[in-house]
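Chains: A, B and C, in written order; residue numbering restarts at 1 for each.
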Amino acid sequence: MFSKKMIRFQGFSLFLCLLAFMVGKTFAAEYWVQVDTADMTMVDGKKVPVWGFGLDRDKNFLTTDDYTISVPGPTLRVDPGDNTLIIHLKNNLSEPISLNILGQRLTNNSGPVWTNFPSDTQTWSGSRPAENYTARVRSFTHETLPGEVGEYRWESFRTGTFLLQSGTNPAKQVQMGMYLPIIKDAAQGSAYADVPYDEELIVVFHEVDPAIHRAIAAGTYGAVPDATIGSSIGRAPKYFLINGMSYPSEGLLPINGKMILLKGARLLIRFLNAGLDTHVPQLSESYIALWAEDGNRYLYPRETYGFELDTGKTVDAILVSPEGPPWKKHLYDARLNLNNDGVSPGGMLSFIKSSLPDHR
Amino acid sequence: MNEKNKAEIGSKSSDETQGGRMMKKRIRYGSVFGVLMLFSFLWAVTVSADVNVQCPGDTNGDGISEDPNIVCRHITGGDGYSKMADGLDLYFFSFGNADGVPPAEVIADLTLKAELPAPTIELKQGQELYLTMTNVGMVVRPDLFDPHSVHWHGFPNAAPIFDGLPEPSPSANMGNSFTYYYNAVVPGTYFYHCHVEAAEHMQMGMIGNLWVTPAQDGMAIGGFTKFAYNDGDGSTGYDVAYPLLLTGFDSFFHIASDTVQALPFAGMFDEYPMINGRGYPDTINPNNIVNQDGFAAQKICSLITATAGQRILLRVCNISTTHQYTFATTLGVPMKVVARGAALLRGPDGKDTSMTVNVLNVGGGQDYDVILDTTGVEPGTYFLYTTDLTNLSNGEQERGGIMTEIVIAPLNDPA
Amino acid sequence: MRRKRMDRIKKQIHFWVVVLMGAGLLFFGTSVQGAIVGESGSTFQLVAKSDVIATSDGDSTLIWGFAITDGVSGTTGRAQYPGPTLIVTEDVTVTITLQNELPYKAGNVSIVFPGQQVTATGGVGGLLTQEARPPEVLPSNAGVEQVVYTFTPTEPGTYVYRSGTRADLQTEMGLFGALIVRPAATPTGGSPGKTYAYNHIDSQYDREYLYLMSEMDPLIHRQVELLQLGDVDFTRYFPTNWFINGRNYPDLLAENYVPWLPTQPYNCQPRMHPGEKVLIRFIGAGRDVHPMHFHGNDFETIAVDGRLLSSEHGAGPDLAWQATTIKSVPGQTADLIWGWTGKELGWDIYGHSPDDPLEPDEYAPNHGKPFPVVLPPRDAVTYGAFYSGSPFLGGEGELPPGHGGLNAAGGYFYMWHSHTEKELTSNDIWPGGLISFMIVEHPDVPID
């Protein structure tokens, strides 16, 4: 039951909305995101330290432990009607962080930030110090220092599937796990103009080199005294993941949960490569139509059963369900990263299923 | 034999090497130089050496043709030292610049002066290139007697004699020159490199930028007067252009070469990824990078500058012997790939097959023309960098490698 | 005189015809019209076996490969690397029976056919498809276990097949091959005498060649040979051997089915005349990307993964793109059309004088134009093994003593090679690996 107070309050907020609308205020998607360390359990039970994103549950950063870190981070959405994305970022790490979305313009960028590598005792923001050709960029965009909260705004947010990553020392922070998918549809149920879909599946490829993660967590990575690993040039991943899991994780078998795909249903598969190596997503037994790349709709779709997915790239594809349930189609990395720390079978192997409806 | 149409093979100044059928034709410089060459060599050669520049229409010996349609260039094939962005000095092979240097002085002056990358060659569509390559030898490795060659990568309908592939052609021995001829009828972004013992010479760095501007340049189409291709509609028009030659050095391989060790082909792995011969932050340094001997071996700065709203053309190629590289920019605008392999991305009946991407992978031997339209980009500094993040390294040093900066100036910047 | 040169060429041609005809008896399965050799039909019996291949550094390496059982005699040959090229026809059902004779520790074996709708029966269910078990695990009276894969290819084109069991190891060991689907009928507007890759006249070609790319880490093969399969660790994968159609350079220059490479039947030796169209069926059978660079001219990519690059069905390859370098993507295929005419070089490639007659497809504006530079004398240069001594097509010239004279017909050699040049070695030996040569022969030189 609504009290008179509530009705009056609702009336007032309706008035405010109308006012905002008339003033031409932007419609925004707004998120409160925490960045923190975590331990990620690999499919073989071994734990690897990671840095990742988690959504703050009460959206105010006031309660501690009010978030769960995941790698990849949670998928963020910008509604078709939103033209702005705002992220409030809380940094629980002991080094600065920032945000970067490949293909989107950060509107309130007050960075980049350069430092006097390798000591990093001096920083410059906005532009490279004059006549200084030894300073190195640390962050592509303005930084959020340890313990602080930063705000990142993207106006005129473009339609498509994108990868949000840390913009700070990406070889280190992105590798540690700071990435998540961010999606804006053209319209409800339509990924791009004339690309309608009935169901959606997000597939993120990534890898883990535990030795580098442990060195980063221990502070012995990079241009630091007592470094055990100076750079990632010798990276050799031991785990190969899709959506944070490796075969035979249940979450990959199937990867699309209890989806019921009737004959002719259009499944939109959003592929993202958040890793540091090229992968080749391949479906056995099926062709898909590729409709977009990096959030840019193709002029003409391309029919294929697999394709090269380079680092940082996103590809949107439509799989048309060939028949009613049940059916199963395997989705794996044709580069055959199919092991878990050398143990086979494992790695980037999953299947997509059209499930029969549950009968209760 | 109709001698007018035989390939003429020159003879040595100091001895008769061919039978009477062959015409002796010297375009320049008498036999004195041949004798001088003999004595200027520090290592044993069994035949006399010959530096010979062929440049039709060059009447005063400055290496420039009076015919505006003929471009003459002279490069040397040899060795030198480079400096990586973490300070490491690495021995390398490449081509040096001998434009206009009197042939008698080439070997005396230009050994150990290889440049990384090699001198850029730029032509206009329709010009003819007479490219003389003189093998000045590898001074640090007097035990090596490798020939060198020049391969114009992507030249359409090439003939082996000028293709630079040593297997089906002659390639210049130490102390000798070979003049390559190219009729540059197809505009586009190419590159060139030595093809002798390709795995070794290319790893060692014998690579350079090369492009041909289109006949359409100069016409006003769509607000531009400079174009990457003869697009007819201005779609490849640009305001500023930058070459981005991606490659890498395997320091172990270079050190083995420097110290006369067996070359580790099987273990080859580029850990010094570079743009135009430098790793970040040297990529943005407007000064030459000077090597351990004080020679400016790395002359090309990769800093990209433009005014807000301008269109930037990137001529990108990858010549790494071990890696493919993927790159992106933080500009927030997509990259429009208008051509690949020096061919406009248009289907056989004219359909637009250009690619709009945020991230582009360049495999070895691939070249792309990428247009960045900076309309709406706020003035400031942005980055072009590899999303294969492990290659943001100078060997064991982080925050380096394949990265450069894009400075967008405001529209009416008084500076 | 030009006539003297032509007489010399004709004598050479006569010589080569005699040589080839004499040698023809040894060359069963010799290509006609530069067609790809393999097994044609619709029913195939494959047996997975282990055997040994030779690499060009002089080593021999254990492989697992598919052997083909002869339909008539019932005898099974040796395993081959790569597996047999299966040549089938559009809309005709294909039936492939698979048996497992791999060493017991190899486990089961299976085949997946990306891009095809496959029904698999028999054997046991595996991760991706039905698998055939090794004989050691079967009950003693069970006989041989066979898995039957059936599919009906609905589109012509170039495809690949690979093992679906422990795919990383079994692909590394060699269990893959090419699948070629020929069009069922001549496309609309086409001529019955011509060959087409797809159902469109713009896929016409004169000769076809297979480029199936793979690589190997010999340490893994040693571990398998020593039955240490549990120690195989793909996170440490580091290939040092690379193959085109199962051979390194220069072994790939030898003929198809050459007796001294009994488990590596396929070669890679493309040849053509100026003006012809060559179809390259380009397959990534392994796990790494290889950027193949084609000297001599651009190719046109008309299809990828068995589908024409088309704006809409029936439009043909109207989205084809040109380049000189293309990456082979693991598990994926591409079809390229390559041609060469030597046009616009600015000089006469035959060394004609202006009153000499034109060759077929010769670029007339360059006819009779003189050679533009003076070539250095013989001792100023190193003559490559495939240099004829003359810069002209079909020409010949004086060669230095000790030169092998490996290009007596004066063809134009173009290296088609990986541009990740490390891959041009075989186990640390240069040259090796992914080097091949396309030879453009003078129009009068017979190819086949």
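As a working rule, a residue touches a chain if its C-beta (ideal position, glycine included) is under 8 Å from a C-beta of that chain, and two chains touch if they have at least 3 such contacts.
The shown structure was predicted, so the numbers you read here are calculated from the model rather than taken from an experiment.
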Touching both chain A and chain B (chains): C
Selected interface, A-C versus B-C, where C-beta contact pairs are more numerous: B-C
Whole-Å gap separating chain A and chain C, where each centre is the average of the chain's CA atoms: 41
Distance from chain C to chain B - Cα centre to Cα centre, in angstrom: 32
Residues within chain A bordering two or more other chains: 278, 300, 308
Multi-partner residues of chain B (at least 2 other chains): 324, 351
For chain C, residues contacting two or more additional chains: 289, 311, 319, 327
Touching residues on chain B, where the partner in the complex is chain A: 271, 280-282, 284-287, 324, 326, 328, 330-334, 351-352, 355-361, 376-378, 380-383, 385, 387-401, 403, 405, 407
Interface residues, chain A side, partner chain C - complex: 236-238, 278, 280, 282-285, 287, 300, 302-308, 330, 332, 334-339, 341-342, 344-345, 349
Complex contacts: residues of chain B adjacent to chain C: 1-2, 4-12, 17-19, 25, 27, 47, 49-50, 52, 54, 128, 130, 147, 151, 153-154, 156-161, 163, 165-173, 176-181, 183, 185, 195, 197-200, 202-203, 264-268, 319-324, 340-343, 345, 347-349, 351, 353, 363-367
Of all residues in chain C, those that touch chain A in their complex: 112, 114-118, 127-129, 164, 166-169, 171-172, 232-236, 287-289, 304-305, 307, 309-312, 319, 327, 329-332
Chain C residues within the chain B interface of the complex: 1-2, 4, 202, 240, 289, 291, 293, 295-298, 300, 311, 317-325, 327, 340-349, 351-353, 368, 370-387, 390-393, 398, 407, 412-415, 417-422, 424-425, 427-431, 437
